[in-house]
Structure formats: C-alpha cells, structure tokens
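Following are the structures in question.
What follows is chain A paired twice: with chain B in the first complex and chain C in the second.
Here is the complex of A and B:
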C-alpha cells in the first residue's frame, strides 16, 4: 500500500511511514508548471510583483558587508537581529513578545512539524477545521496523530462544535493535544474568525488545558487594510503562534517563525537543532536586510491590491459562469475561495477532465483526513493574471456543465439554486 | 528533568520530547563568539576564504535572471538542475546515480533526520561509531532510538566489533534498523576507513539486511588530494549516502542531499514535504549558479591547503606542549583531531577552567550516549588561524598541567608515556 513491491526495504520502515502517502498537492507543481494550463490550484505567491532589482542589490550589499556571517552556521534559534525585527512585523497583529520567545524556522511549515513532534504521541488527537490546510494534515499523519475535523461556517471554526469535539474525544478516552486553527483568510476555506469568536475559541482551549496552535501566514493580507488581532495577542501562555515571510516577502527564502511560551520554545529549539542544526543565515540575513532597507509594508500593500483585484475577478467570473447551485466563500483577504458544487458532483473524479480542458484546482478531499469534501474544491487566485483567472473559470464552468449533463443523463435532478457566494464579503458589504 | 517546573505544558509533551535535552554543542556558539576565546570547539568552516565578491555577483546575477524561480516555492525533491550538478560533484567519490535518486535537503542534517523518521520506531536500534557525530545522536534520541556504540580504531569502525554488536542486539531481541558511519575524516574521531574495511562493513550490513547510512560531508577535503571512494559507489540498494555543500561551499546556505534507493527516496520526499514543504530555491539556485560559473573545485583545493596547514600547526603544537601521556589522532583530512588525556582526566569537569583560560573544546562525553569519553576531547582546527591554534594549545596545555598537579596532589600516579599521535598520518608517512 505504501511502497512498491520492488522496494527491498518495504518491511523495514517505521510504523509512522505507513501514513506517508502522496498528497494531492504533490502533482500540483507539475501540473501548474505547464504554461497552457490555467492553474487555480497552487498557492504560489505572485513573486513577479517583487522589486527584483532592489532585492538583488540588497542581497549583494548584504554579502559584501556581512558575507562571513551569512555563509556561516548560526544559532539554532535564529538570528538575533531578525528575531527583533519579527517583533516589529508582528506589531500590527498585536503580538507582543521578547526576541527570546521566537524561533526562526525553514518556513512556518517546519515550526508546525516541530510543535507536533514535541507534543504528540501516536494516537494523540489534534482538532482541526473542516477543511484544513493540507500541509498540516501531512505533518499530523507523519506523527501518527488522530485528526478530528471541527465544523466551520462563514465565520470560521464554530466554537460550539469545538466544545463538542473536545467532550467527545475525552469521553472516548483520547488525549487531545492541540487545536490547530487558521483564523485569517483560511486555507482552504477562505473565511475569517470574528474577534468575539477568537475569544471564545481561546477560552475553550484554556478551559480544556489544550494548546492552541495559531497559524497565520496571511494575516497582513486583508483587502480592506485592517489587520485582525492574533489570538496570541490575548494570551501568551496558551498559544503557539506561527508566522511566515512566504506570503509577505517570498516563499523561496523559506523563513518562518514560531512564538511560543518559554518551556515550549526551549523544546522547539532543541528539536530544530536535531532537524536542521540551524536556519539558513543566508536567507535570514537577506530577510533582515530587506526589512531594514526596503519599504516592505508598501510591498505588502501592493500585494494586497494585486490579490484583491484577482479575488474580484474570480468572484465575478464564478458569478457569471458557474452553473446554478454552485456556492463559494468570499474571502476578505488571502489566496483562496472554497467552492461547493451542486448535485453531489465529485471534484476528484472531475480533475482529470479539468486538466484535459487546461484548468487545474485542488479537489476538496485533500483538505480532510476522512473522505469529506468530495463535492468541494479550492480555487486560488493568487498567481494567475485576472485574464487567466477568467479564462480558467470559463474552462472549469464548461467541465462542470459537461459533468452535470452526465449526471442528468443518469436521472439525478439538478438543483435550482442560483449560483452565488456562501459567505458575505465584509469589504464588499 | 526535561523542563522548568514553571512550564505549564510540562505534562503535555510527547514521550520523545523527554530525550530532548541540551547537547554540549549548544553552548559552543556562544562561547566561540567571544573574540578573546580561542575556540577549538565548533566545526565552523573557514568561510573567510570564500571569494565573497564573486559570490555576491553570482547571487545578484542569479536573482536578476531567475529571481522569479529563486523566490518561489519549488518541488519537494529539490531543483532538477541542481540534482544533475550534484551528480558531477559526487563523481570523484564514485557515486553513480540518476538525478531522480537525489533529494535536496536543508543541510544533510535534515536528510539524517528524515531517514531516521521513516525507518525507526521507538526502541529500534542504530549502531554508530564510538565516538559519533553529536548531531546524529541528537536525531536518534529525538526519535527514541536505542543507540549502541561500536568500537573504532585508527582505521575507523572495526568490522569485527560491528558483527558482534549486530549479533548481541539480535540475541537481545532488538531490531537493528541502521548502521550509521562517517567513513572519511570522521567527526569527531579524525580517522578514515580503508577501502577493504569499507567493503567488509558493506558486506556485514548487506548480510544482516540492515541499511547502511553513509554520512560524507568531508570526503573532498583529504589533504593529499586523493578522494576515497564512497561505500555507496559499491552498492546502490544497501546504502543511503548523505552529502553536503556546507564544507565545500558554505554552511550558511543549508544545502545538502541524500542519495537513496527508489522506494526510500520516495518516502524521504514525502517526509521532507511534511517537514518544510520544499528546500529553499534561493539557496539551491545560488549553489547551482556558483557551481556553474565559479571554479568550485579550485576553491575546495584552497580549503584543503588552509585546513592542512592548520592541522599541521595543531599537531606540532600538541607535540610540543601537551603533557606526557596525552594521545591524539592524526587526521588526513577534515576538521578534527580526537585527543585522549592521561591519568583519567575529566574533560567535562575541566571545561569551565579551560574557558576561564580563554580556550574552548568539546568534551568527549558529548559524542557518546552512554557516558563514555570522559578523558577525551575533540579539537577542531578548521576555523582559527595557525597563530591562534598554537596559542589555544598553549592555554589548554597550561590547564591540563594544572589539572595534573591537582591529581598528583591527591596521590594518583601520572603516566609516563611521551605525548604523541595515536594514529599514523598517511600523508605524513
């Protein structure tokens, strides 16, 4: 099941390797790289908008002045100056901390891996949103964690459902170790939590004595320019906060971070040293110099405008072209809209036909561990141009219509809802 | 034991986090960074010898021509062009492979972590040299692996001792998953395996059906210019080979790789994607462009000459200054000599006094999991100048003499061996 029959090592792997099977995100890079395909699949930031000349001269200057540090090993916790700058970067989301509370990692994905490694025994439970970030599900499975999905609505994770899930797991004798949540511009759901809901979720976690793992790669990318306050801004002992430069500067640098309570931070650093010795000084000093010398917040604002235009284009095209009964979330920031298809359509089965029609998306099942999401898909508007987005939606609408014809041929009644958003858009209201 | 009593999460950690305690390498960066201390402790490459102007313009050119790739996410297995170039880099050690057999990682440390993650259940056994690389011991402990040390001599890992260890573990009902070895210029032992011994070790591993994990960061850094053949050159199914650019280009880039049999490689890629999504394109394209446009092998030769001069200086100073009875290995490449002190001296107890005398080393116990090595230390000659090395040895000799005086006061008889090398030096012979 998990390896080729020709693999001579098939009987030697650890139990945890049994859960390591290819995720649907695997094929995306290959598919998305074919220029004739409009990819609404991958969550690649639009790095073409970066001021490449300025970055090139920033890096050159950094190497000529601090090359001996940039090319050398560094400390396992990350560069001290960068950790101080990260505090400034987090000021808008309200996170107050000491530089010593921060661990720099090779993207926030690595921090997610390390926190799971130090907290979760095989069979421990992590509660996650339904749907949840596919990369997080991959981490949890790689440590043999039991994942339970908790219902979301247009306001994100539903507190009452979280309470029920905690009670259910405990009644079943399970140990719940973490609640994993993406409060802002959720990947893949495209929704955000209100301030009051954040407070309620934090209260639930604290009452249960369960760590809240807050993943916030998109927090600065709200289209109306307001920045929601992080849950970590309300409590420094109950929350591990994950941040990233992948969406505000560049994913190719692989620089993210965790803010953690003291004891947890100590263990993250030790686990990080075992995992990679230290984060790359080359990448860290590049980020540090970029933050110091470039108008980085202006660039974030430029990204917001680009992504907002693309979001608008996607919503408009879906409204015009998608068949009746299709529903979608209206993101007020970030990269994604979550689309639910009518008539019990199956997005996994439809994907090969979509790729044949030169458009790609991520089928909904990839964002669940339990087979949910068959009638859903994630559409990303971050990378393609507005023209390509419209063309991609047109192609996808054609594929969906053909699927629906097939369904009708077999006698199932189509829905008669008009197409439209399933969530209100705060910034369009 | 493993956390502060004030840590509110102390009861929530995974079992594996219990083994995550600070290693002796932790304090090294702090100690070594004080300019008045001569550090013979850290294994930091002498990056000051790098052609910084050329690297700066290489990176600038790379960003101006391929910045959209360098700053973007990439594939989990690593850049295709770089994997082809890695084949050329491995040609001198005799490793023949397909680019698809290679996984690029954030330093070879990460590959070591991932291979352990996919092979080792808690309680599985890994056989390692006595002493072994402290970073590997940290990985094994973080996955609750039982480590057994296998005797080394001046020719490296002793095959007969390896056979006995395998038999002993199996008689005890244990599952041995890997044999971890550093055949070239061992860290910390400073010794190398002969070709015939490599063949014997490979035979033992194959007969036992146990994976051989070959760690080779120093293979190109032999002082006489010959390059030993990798064990992987003899067998592609039984060996996972770990390579690194940290010592031939720069550790701060965090670019290493694994060469693995097909089925193992598939699992490494999946584990790597969970751990960090993908290696840094920024670092990978920097290495790729450096290999393509710069005389990288000339730079390796320049490193060899620098390290050989420093090795000579260290050996000469130890011969002149260390007390009778002190013994050391004579490395024919790499960064380290392993020193055994006379009269049962305790290098861990002595370290604070050494640092007070402004010289640092790594106590021997850090390279064992079982308390061995109290009378040993690792001395690194890679980073300090020859003048500083001599001064460091002089300071250390003074500390050792004072310790011996103390021992004599308490009545133990000193040894009367002359000081000298414990291994022959092939290139000085």
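Here is the complex of A and C:
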C-alpha cells in the first residue's frame, strides 16, 4: 500500500537537495522578524541612514534619461560604465584591474556561487575559516563540496593551520580547489588579518596551486577610516576578489562583482549567462548613477560612524551585563562580534528561550558544517538602534543566566539539535 | 459573512500558524466568506473592535494561542469564535493534565512524569532522573509539558543523554515531561462537531522517513508518508475513532480538535490533543477532512455558521 507523501517529486530530487528541510532554527527566526523582538541576528545594513530623497531623484533621473537601457536586457558581464566605476570603488583597497576583468553579479553571493560552480566537483575540498560565512557554506554544500574549517585567532586565519589542512587533505588524496577567506571584519568572527598574514596566506595558496577566493564586502567599513589592502592587490592571478555594494549602498539593489584572472572571468561570464542571462540593468544603472551623482564616500563615512557607535554600545552592554566567563571579539569594522559563552552552554539549545524573551542571535553552529560552535553566537550591531542593542543585551544576559541555572542543574549540555548550517533566511546571512 | 482568522503570534510555532492561517483563509474565501488574517500584536484589539467580525477563528499555535488566553480575550470581547473554550484549552494544552483526565475516563496513556525545573534543581537532578528512569525504563520521550510541533522533543535511549534532552525541553517552557516511549503505529484522528455531536474523521497514519516525527518531518513535504486509511485493523481503527471522540468530550473540547495516538498490540495509547489543529499543506486535519469527502472550506464554513449561531 502506498501512502501520500504530499510531494510527488520526493524521489526525484538531486542529492544536493536532500538536506533542504524545515528546521526548528528557521521557525525561531520567523519570530525574530516581529518588532517586539530585538534582533541581534540579522546582518542587515542600516539602510534608514541612506538619503532616500537623493536616491529617489537618482532613480528618477536614471529612468528618464536611460530608461530604455535600464528596463532592457544587458550584457552578461555587466554594464561597462559601472565596471569602470567599480575600479574607482576598489582603488582604496588597492585592487588594480581592467574593466574587462570585472563581472557584475546579483550581489557577491551570486559570484560566490558561480566561482564554486566552475571550480568544484562533488567531493572536492574548500578550506574555510572556523567559523565561516553561513551563506558561503550553503553554496559549498549545494555543490556537494567537502568543507574543512581552518583555525582562526584574533588575527584571522592562522597560516600554519592552513598549511596543515592543505597537507592533511593532500595526504588523504583529496583535491583542494579553493581557500575561501574574509580578511576584513570577518563575518561572523569580527576579526581582520594583518598585512603580513595576508602575504603569508597568499604564499601558501600559490605554493599549493590553490585558488584564493577573497570575499571583501566590509573592506571600506573600518571604524578608524583606514582601508586594509586587499590580498588581490598583491597578486592578479592567484586570487578571485569578490566585492559588493550591499554594505556601502544598499543590499536590496543586489549588485556585487567578481574580479578574476582572464580565463576564470571568461568562465564566470558564461556561467552567469547560463544562470540569469544578465545582471539587472535597473539595479546596475541605479548604482552607476548614484556613484556618479552622489557623494557616496561621504555616505560610507556616515555608515562607519553609525556602526562604530553601535559597536561601542554592544561592547559596553556586554561588558556590564554578560555573565563572567563570556568572551567576545572586538571588531574594528564591519557588523559583527563573535561571542563565546561560558563552558557547557549551548547557544542552539538556548535560542528558544531567547526568542521567548524577545531577543534573537545566530547560534554558532550555523557558521560551521561540522557541529562546532555550540558555545558561540554571532551578535550583529548593524541594524538596531543603540538603545535597542542595550535592551537586547539585557534580555540576552537574563536568558544566559537562566541557561546557566539549567546547566548547573543538569550538567554540561552536549547539544540537542543536529549539527550543520542553520540555514537562516537571507536577511540573517 | 466576515471572518477573522488569527494567526502568527510570538511562539516558536509562528511560521506554522501563519501558514495554517493563510491556507484556511483561502479555503474560506473560495466558499464566499470575507476573511481577514490578523496577527497577535498591539493592533489586534483595535482592529477587532473596528471590524467586528461575525466570527473569529483562532489558529495561533503554542502558548497564548492554545493555552486558553486567546479564547479568554475573545470571550471578554464578546466575539463568537470557532474552537474550544478557555478551560478546555488550558486542560488540553498541558499534556500531563490532559493525560490524567483521559486516563480517568478509561483511555490508555503512556506513563510519564511532568516536573518543573525547580524540582530537579531543589532535589538534585541526578537523583530525580535516576528515579524516573528506574520507573519508566528506557527509551523515553522528553518534551515540553506545554507546546506542540515536537519543538524541544527528544527520544532518549541512554541515561547519559537525558540531561541535554531535559535542557532542550526546558528551553520551550518551565515544565518538562519524561514519558515512557511507546512503539507502534502513529496515527492522528481529527474530530469535528458540525452540530450532531463530535464525529471522528478517518485516522491518518504517520510514517516519517527519519523514523521520528520531528519538526522537519512535520513541515517538509515528502519527509513523511501519510496513509489514509491507516494501515491498522478495522477494530483498531474503530477504537481510535472511539478514543478520539472520548478524549474530545472528556477534555471539554469544542468544534474541532486533533487527537494523537500510538497503536500497538497493547491497544490505542493517547499522546495528546490539539485545540488548534494545523492547517498547512502537510498538516493532518486537512488530509483527514479530504479523506472524509469534505473540503477545508466546507468544514470551516459550517463551523463559522455554528459559532455565529452560538452567540
């Protein structure tokens, strides 16, 4: 007798779709979108700070003057003028390229997907930081890539650990295709690589003949105004650089880019055309017009000041309210602090209690593929106001105290929910 | 006729409730009702006062939605609603109390202990857990005493896995239930009362691919195989139907409910009753209604008329 599984295609899905199921974590994040909840989970840029009137007139002017282009299909590589402007945007991070080296994509997330698509076969290995960006882990898993996490410290990816991971994978007969790194104001770890460490990591990648995939959405958001040099600034052939307007203008426009060596770029363009034909002309021309007519770097400075104030608020509140034994990183830019809780605490198990207390965070396990990170969580300070951040930390501190009380009663908790990325919705990534 | 469906809320079952609410609203609109779907927030009461719907259908899962609070508010506002009255909600929402009541009326239940965190803390968790395991044996199910969708529920095979399971259950509430695990066929019997007394709909058998009917199995299409009619004997099906109606009556439930059982050689064992059955694409109530030749819209429409007349 055959029953109903309510999905007639259940036996037809590809292996890569097998893990795509509903989860308790996603259910809890659904509550986090309510205004009563202080969400320290979402990595959403504070778009309220944008000059909406100026953007409205920018879009209006763009449509009135170039509407026939904006509303039409475009080239698969992206708008030529925008690619030239992207060179100017990348100048502070030291990336020198030709406009032909750039591929415009629907956010750098799409570039990440395309690079993985053209490089990785199922079973290939990608080395990533421990922890790593949840959106990247989702891409790698969707291409059935084996991910190995490499140790980080306060200075970012540890070169010696990277060497060891490469040697270990080689010894196991595995093919390492990429090293994925976020050198600036890491998501979720909130740390940055020193210049000397960048050089060492590049040397290791080149010696091993492994592509370095440098993801740099936050590079311009250093609080002291200094802009670290990109790894791509040191080598044009060994690195694919991913950039984005999501944090410097607006995530909703979905405009990012990849800078890649000639051969790689050709393949990215072909893969991009197969995926979407072309990036949105409307969004590209909006960005292009904004860059041309608005003081965009002043807006970046305004964002830096806003985020710095919020980071200071978060750090101060955590210092005053979190229980002894809690540790956190002190980001010098970007959106996130990585918090490590006292021994035995499990942030995944604690999340329902936090949501019931009207505060949300992303549990650490979401940033690993192997179940690590149970005693960690990512706190984002980019979106809530300073007052809300303080209130959120106050609520979270109460939740942590209650959880510690439970652990005191029942002992150390080895965890309840299954390991792996928690697949938060896009606004949490 | 104007109807308000209440869905959402602030519990972990918010997403499930929103999906249930949207689906039920669509079914009612298809049969000619004007339907508004409202969330539980600060705008709710002013909107209800302004709209004065003829009937409200609460489909909010979890606390506030199913613990009787929402029904109390609707009574206070003098708004007719579909579903169980406050006291019945309170009784059904607490699995320990519900099991005690239906057992008193002769239904079989799995043995269990339901205790607040304070008891473990004050008396020593190790001693209390050891006593429970000695009494119930292993494996056991650990779950929040109040709540649904299997959130915070764990199947525990070894004593050393009990503490984290307790911590997980307490994350969803102040009381946790440790229940003797009963193996067998899992079935759900929906009950509707369309004016002729509570009637059972065909039993739906649940067979999750993973073996555990957890959150993913409940809300991912394809992760669970459902059988209607259930693959149990005719006598067992009749006993399930009888037990479901008996539970519905014993708990004082009204209009509609869903009662979950395990069926095995020992009989039909009551697990829990739900006062706001899910109405999502993968939920059991709509499947049972379809098996009985009813549409969701027709069942809900009949209950709207009955509830309206009750006022």
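Assume the second predicted complex is superposed on the first by the 390 of 429 C-alpha atoms of A that agree within 3 Å, B and C clash if a C-alpha of one lies under 4 Å from a C-alpha of the other, contacts with A are read in each partner's own complex, and residues count from 1 in each chain.
By definition in this document, a contact is a pair of C-beta atoms (placed from the backbone, for glycine too) under 8 Å apart; a residue touches a chain by one contact, two chains touch by 3 or more.
These figures come from a predicted structure and were not determined experimentally.
Counting the residues of chain A touched by each of chain B and chain C gives the higher count for B.
When the two complexes are overlaid on their common chain A, residue A:292 makes contact with neither chain B nor chain C. By the document's definition of touching, of the two partners only chain C reaches A:36; chain B does not.
Touch criterion met: A:267 reaches chain B, while chain C stays clear of it.
Shared-chain residue A:21: touches chain B and chain C both. By the document's definition of touching, neither partner reaches A:170: not chain B, not chain C. Once the two complexes are laid over each other on the shared chain, residue contacts for A:353 go to chain C alone; chain B is not touched. When the two complexes are overlaid on their common chain A, residue A:7 makes contact with chain B and with chain C alike. Look at A:410: by the touch rule set out above, it reaches chain C but stays clear of chain B.
Contact with chain B, but none with chain C, is seen for A:121 once the two complexes are overlaid on the shared chain.
Counting contacts as defined above, chain A residues 3-4, 6-7, 9-10, 21-23, 26 meet chain B in one complex and chain C in the other. Within the complex formed with chain A, the residues of chain C that make contact are 10-16, 18, 41, 117, 120-121, 125, 149, 151-152, 154, 163-168, 170-172, 205, 207, 215-216, 218-228, 231, 281-282, 287. On the chain B side of its complex with chain A, the touching residues are 3-4, 6-10, 12-17, 20-23, 25-26, 29, 42, 44-45, 47-48, 50, 52-53, 55-57, 59-60, 63-64, 67-76, 106-107, 109-110, 113, 117-121, 124, 135, 138-139, 141-143, 177, 209, 211, 237, 246, 250-254, 261-264, 266-267, 270-271, 273-283, 286.
Residues of chain A that touch chain C in their complex: 1, 3-7, 9-10, 21-24, 26-28, 30-31, 34, 36-37, 346, 349-353, 355-356, 358, 403, 405-417.
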